[in-house]
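These are the structures in question, set out in turn.
Okay, so chain A shows up in both of these, paired with chain B first and chain C after.
After this line comes the complex of A and B, so read on.
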């Protein structure tokens, strides 16, 4: 790795090139031009010093739009490019590609966000939005004049990947990566593989047995060369960067040796609510969630074990969690951390207050415990009538639904619950033919292949549909004493023009949505982003749909948002392909946004070294200048994060972050602050 | 309306971190929530890169207010939370010596989905500027008074 201080004795570069800036103001298909007068912006910017061409286009990100930019670079000698368009997070990479294809250094381009930060937030002030666009574009030009060509930092990449999460997405991703010849470590927090899928009994649309599918997948994973599995393990430390993440994994002990497992399990008397059955049943703290699980050996639930000794063959045994710490290196990290079902708040549709109100995942587990041919019962009473309420914890409205602890409501659609409800209703109809079933829904979103057929079958299976509005949802109340049914569901049915109806039921089932799993520790360690819905956020929904903005971190499955199993598997394979393509060459490129020292200004005072908190990023070294030993700061780019703490600390302005220099910011501030009547009064 | 007919607006510069405020501003745009147009957002890796002199220079050039929207303790940079707070405190001291109202510089932790906090910060600063006016008046007033006294 070359150090980032040019040789102080090297000759200064000869004649600087003439700066010729090409400026491109995008209409964004009307998204910008409906508010910002793009032609005026282009005309004004065209008058600025060094601007050789200023154009507009309906869509510069299109192939034709990019071709215009490429042609200008080649034919007009454009050597700096400024593009005003949508957010840089969406198309900065696209335009870097266009600039590179035309033979220009990709870092001689600057992107100005005119859509999210201008036209979309100033729709009621077209004049103000247009002036703002002019100033921002002028600031872009001011920065572009001071851009230098840069080379990416090239680093070796470890051909190893870490997959976090041992559910169906994590298993699929691990298998697909390993099949590309890249070693994989799979880390699963619980003692068993399989995740949420193992809690299902039948999956739509094929009605296959999920645990059989998981069994096959786990068998393939465990047979695959190059996969190491840590169960009951968590990532407890991460440092480094793409290609070379250093990872600490803490693995809890299984707690029982194979030879003692049977005796200890039999002797264990401490019980806890069983999360596999959503607390409908209880299990021992030494447990296996279901027959056929992997690994087959029982494990101790350390969270609930009370530390009391267990008596086995006259011996008193206290279980010990002798946790192990593993240190790993990985070039890429796949996050397959999954989801949790929405937990309704106390009193929401009677949940937690009326014992007859349960969630759809609970119903699925409850039905799994009812033997074929038996009657469906609840609280010891036969269930004659059941209502399934859709969109609980999904498609919530601000001001209508009560916010959660973080002040937010779940305004997204969880996508999976409509078909899951219909599929469950069909199973109920088949197994309990005399049961009255009601589906209370806002809209039916049976969007996947084969899902619409499930909807039709449910309609034809004497399941009654009632449509409610999101701002006028059902009410669940206890029936008056003496009523034949314990619970009443009151709802305005918009299929019958708002008729108010009352449905007497024995059981209310809340079709709860998906919530992102709590992964705050990972979010903080990896410095990754969550979306407004709190799921982990991809870098771009269309162009980089499984990559995160932090390079080398890749998403698989429902960590990213609600998905069904089929979609989770597709996302996992996409994540695996991304990880494999990133690591297969054994090297990666990083953006060159790191500190650079100007040796002519550096006097070796060391303020930058004191200010820097990144280990090994900057140090003072001794050089000989004109026969005299001097100290100068030297940056190690691989260790520099580009925060700029050194820049703010240097009294001589002798250090800057490449492509983010103080001089560039001063120039941008001047362009924004300038009194500018001659420019903003460009003829309309 | 011709631009010259429009009263001059004070300018608010927002230095927004890529890992926090800048994405928060984009999130605000994605939900199409309006705020005043006299706001100019510049992306920054981390605000710790700016020495106090940068802010003083910006005020002297005619930027009427600056909001630093950083990532606070959620920052990807170890130095950002404490370093930025220290930077702002040092800048406040220098602003006072130059007669610049320290309310013109504000530090706010804004996350990638902090739409409401983003709007609150911008609107509060816009309202403040309606009351305290342009920074140039503030900077020149003491100098003029001094000259008159001499």
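After this line comes the complex of A and C, so read on.
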């Protein structure tokens, strides 16, 4: 927990200066001005008390637009700025910068959202929208008159980062952050690094060996100064804020010592389905997923180990999970928790009901188990004909597909499965030349560099393409007894003009999409958001594409959405750039919109402390006043999110959120509720 | 701007969204950055767009603040209207020879008041508006340009001297000469972007000669609030179109043109434009002829579904040819691949969803190895996605192959991370003292 910093003093009383408000009504490149008559708004607002200048511009956020505001501050002595424009989330920072450059305190500026709150929602009512804009702007001016100068909360930032997830994205992020001189702790849940990439055999578009690439990357990570790796570890507690998160990591024991590993593995008899091979095979509960894995030492699968003793050299050994708890500090957290392949429902395209229906990840593992030169078999039968069905668990339609557990269908494209399917089909063609291969698709999305070439090769490699429509997908059924093939795929093929066809196959492969890894615990601990697709949500796809809305939390790789390896790497490096920008200066600034207690009004009843939703944000402290011990609420600004729960709870109106005070709200409400004739009067 | 020899940590070539983001990320970490742009303003292709998918944010609302941030960044030095002449390895970094092209306006004096522009009698087609609009021979390139400095186009100037006379800052200088200068940089980030496949590339689609067959950047200008007309019309006769068609993969995925790759943004921009046109011309019928719809990005499939729900017609078909009828209406001959027949349909306006190609000549001075698609080669995409074949030279944005704005911004930060690590390792900074 950070030390209690004293309550920021009430800002020094400003010299009673003349308040001169500059008001700027932005067209927002037409977004606002197509609906709201900005000139009229500007004219009306210009007549309000204290308003020294009122202007419009096609886009005040442009350099030229900002220059106008700066010039007014300098030349007209403007000391309060009100800008009616897009959403504050977009450009509040931009305008704060302009105001600061002109030498004014950045918090003497108020932003009115005329786009989201007005023109976009009242597009069909120009007159009404214009009146509303006048009222919103009038309220903005009323508030601006009461603005006080504020200073951001400046905090030291730990030059340390935490990366959660040790797949290709997490590894790359850790490496690139450490290369900037920032220490990194990498926390991986499983006992081994590499994530899902290790389960692939050959990757598009380069046909490289993924485990070799991972090996090289892991070698670079382990050789890099400043990286600590915890495997079999999970984040079990987080508190604090950007620049200074306190983190608790719980690390399970590997369970077997290096000296005993070989003997114990050999003696271990308990087996469990092998997740590395998507349960196609079984493995021991003391295991290495594959030769060459990192770390090389075997580990115990605690989830499946039954606790029974293992007999070694006449000794009976019970494996013990002596978990360790590590406490660490980090200035920023990178989430690289990755994806899971979509798990089809029981009966979806025959999955779980017909043994010949498997997923693409399973096929890749199955082919890896078939030795070179051998023929492809399934259930002991040679595979003569296989159909790959695209978009399973992706691009689902409301009303056509069964919703997921949360009631939503997966309406997104998983973007990797098309090229992964084509690439796998090509490999099948090379290894099993006589196999009949069908690709059942809606659109082939071979979008990336080198992907279209793979598509073209597949077309030239006697792979047969069948195009289905999403609302009338293929059906997979068991073939009637006596048929030469065990399974039939029935589909309307739009490459043959909607002909109903029946494809007899030995194997059906579902090109399943990507789902985010289950990270409910992290979402709750970090108070972060997910999108409707359940992937972790970026703050803004263009302005802050790898950052989350909570400052200091950064995204890398498929935790954010489907990506291939190249894209995961790029996103991970981008995350590293953001972590470095945030931490390399050793300090961060937080906005001063936090609660402030007026000690003169506080009677120490503590309602605020009960109401507060954050840990360590507000507490009662004992002071001596006129020789009497009294309790007064004290805010720790760094922990306060400025939510205002305490403001509502205080019976004495003793608490305000800075820059959003009760007095300012009162003034805004009065202005908004101004009688229309009065407004019109002003307008004339 | 001083043209003294300059030593910087990183030199970024190209001031589109990708180059700007790389420069900002490097500058934010305290590195000294030079950003070189060959045009008179930064902003790249993005600043000419209308609204941008998938959020339909107004484009200048995203771009202009970035341009401003670059201009005001204490660690970024901006060089506009400069060409890169050559790049040599030197002192473990790179020596870059550049030339400042003459603006015929003294940038240190010009206040951007535009008086010269109002005085100039000669009007020329504006490339910013893709030739649909016009501007003066001397002008600030566009209203949100950075820097706000006028530039004079000597090719059209009649030397009447009117601009010089009205300029209160005495900034017009007809005698300016190209000025060579040099920058030493530890690392380079190439963000030279893309060009559209030329409108005339495909003879079957009229070879660029049909008046009402346009390129998609023209449509962006029609749709942009800052555009030349402020509405959508046919360039042929100014008529408001009621039937508009998009031809997908025009100049991409086309072996006959030697452009075999997918340009990856054209499906999305066509859908976006169709949605924006539906807003601007509610009665217009919009048809998209496509082979595969590739809406693969985050939120993009939903965007496609919304367009379908709005009534945009998606027809799977191969457009064999486009001709013109007597009223200059484009007539599209399309093979309906789902029905096995070929039809002809007449539209008022056809937009060719052209692909992305590298900017011609943009790599001459850099001399980097190219891929088979002519974009800058990335030897190890699955290990170092932004590293070129030369150590210390990184690439981002559409210079590394077609990509949209989100991907350009992500790769820009990624290139910045690679570059900054390179600089630190290069300087042998003892980072864990």
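The rule is simple: the second predicted complex is superposed on the first by the 475 of 684 C-alpha atoms of A that agree within 3 Å, B and C clash if a C-alpha of one lies under 4 Å from a C-alpha of the other, contacts with A are read in each partner's own complex, and residues count from 1 in each chain.
We adopt the following convention: contacts are C-beta pairs under 8 Å (C-beta built on N, C-alpha and C of every residue); 3 or more make two chains touch, one makes a residue touch a chain.
Here the structure is a predicted model, which means the values were calculated and not measured.
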Next on the checklist: With both complexes overlaid on chain A, does A:636 touch chain B (first), chain C (second), both or neither?
Outcome noted: neither
Item to check | Touched partner set for A:453, first chain B, second chain C, both or neither | outcome: second
Next on the checklist: Quick check for you: in the superposed arrangement, does A:199 touch first (chain B), second (chain C), both or neither?
Outcome noted: neither
Checklist entry - Now for A:359: first (chain B), second (chain C), both, or neither, which partner does it touch? => result neither
Checklist entry - Which of the two partners, first being chain B and second being chain C, lies in contact with A:29: first, second, both, or neither? => result second
Item to check | Touching partner for A:611 - first (chain B), second (chain C), both, neither | outcome: first
Next on the checklist: According to the stated criteria, A:578 is in contact with first (chain B), second (chain C), both, or neither; which is it?
Outcome noted: second
Next on the checklist: Can you tell me whether chain B or chain C touches more residues on chain A?
Outcome noted: C
Next on the checklist: From the superposed pair, tell me which chain A residues show up as contacts to chain B and also as contacts to chain C.
Outcome noted: 531
Item to check | In the complex with chain C, residue positions of chain A that touch it | outcome: 27-31, 33-34, 58-59, 61-67, 86, 90-91, 94, 97, 101, 176, 179-181, 183, 203, 205-206, 208, 210, 213, 216-217, 225-226, 395, 397, 411-413, 415, 443-453, 456, 467, 494-495, 497-498, 531, 533, 535, 541-543, 545-546, 560-562, 565-567, 569-574, 576-578, 580-581, 584-585
Checklist entry - For the complex, which residues does chain A have touching chain B? => result 87-89, 113, 115-118, 120-125, 127-129, 131-132, 135-136, 139, 524, 527, 529-532, 534, 537, 550, 593, 611-614, 641-645, 647-649, 657, 660, 662, 665-666, 668-670, 672-675, 677, 680-681
Checklist entry - chain A touches which residues of chain C in the complex? => result 25, 28-30, 52, 54-55, 57-62, 64-65, 67-69, 71-72, 112, 143-144, 146-148, 224-226, 253, 260-262, 264, 292-302, 305, 316, 337-340, 371, 373, 375, 378, 381-386, 400-401, 405-407, 409-418, 420-421, 424-425, 429, 431-432
Next on the checklist: Could you list, by residue number, the parts of chain B that touch chain A in their complex?
Outcome noted: 1-4, 6, 9, 11, 13, 19, 23, 25-46, 48-51, 54, 57-58, 61-63, 74-80, 83, 87, 112-113, 115
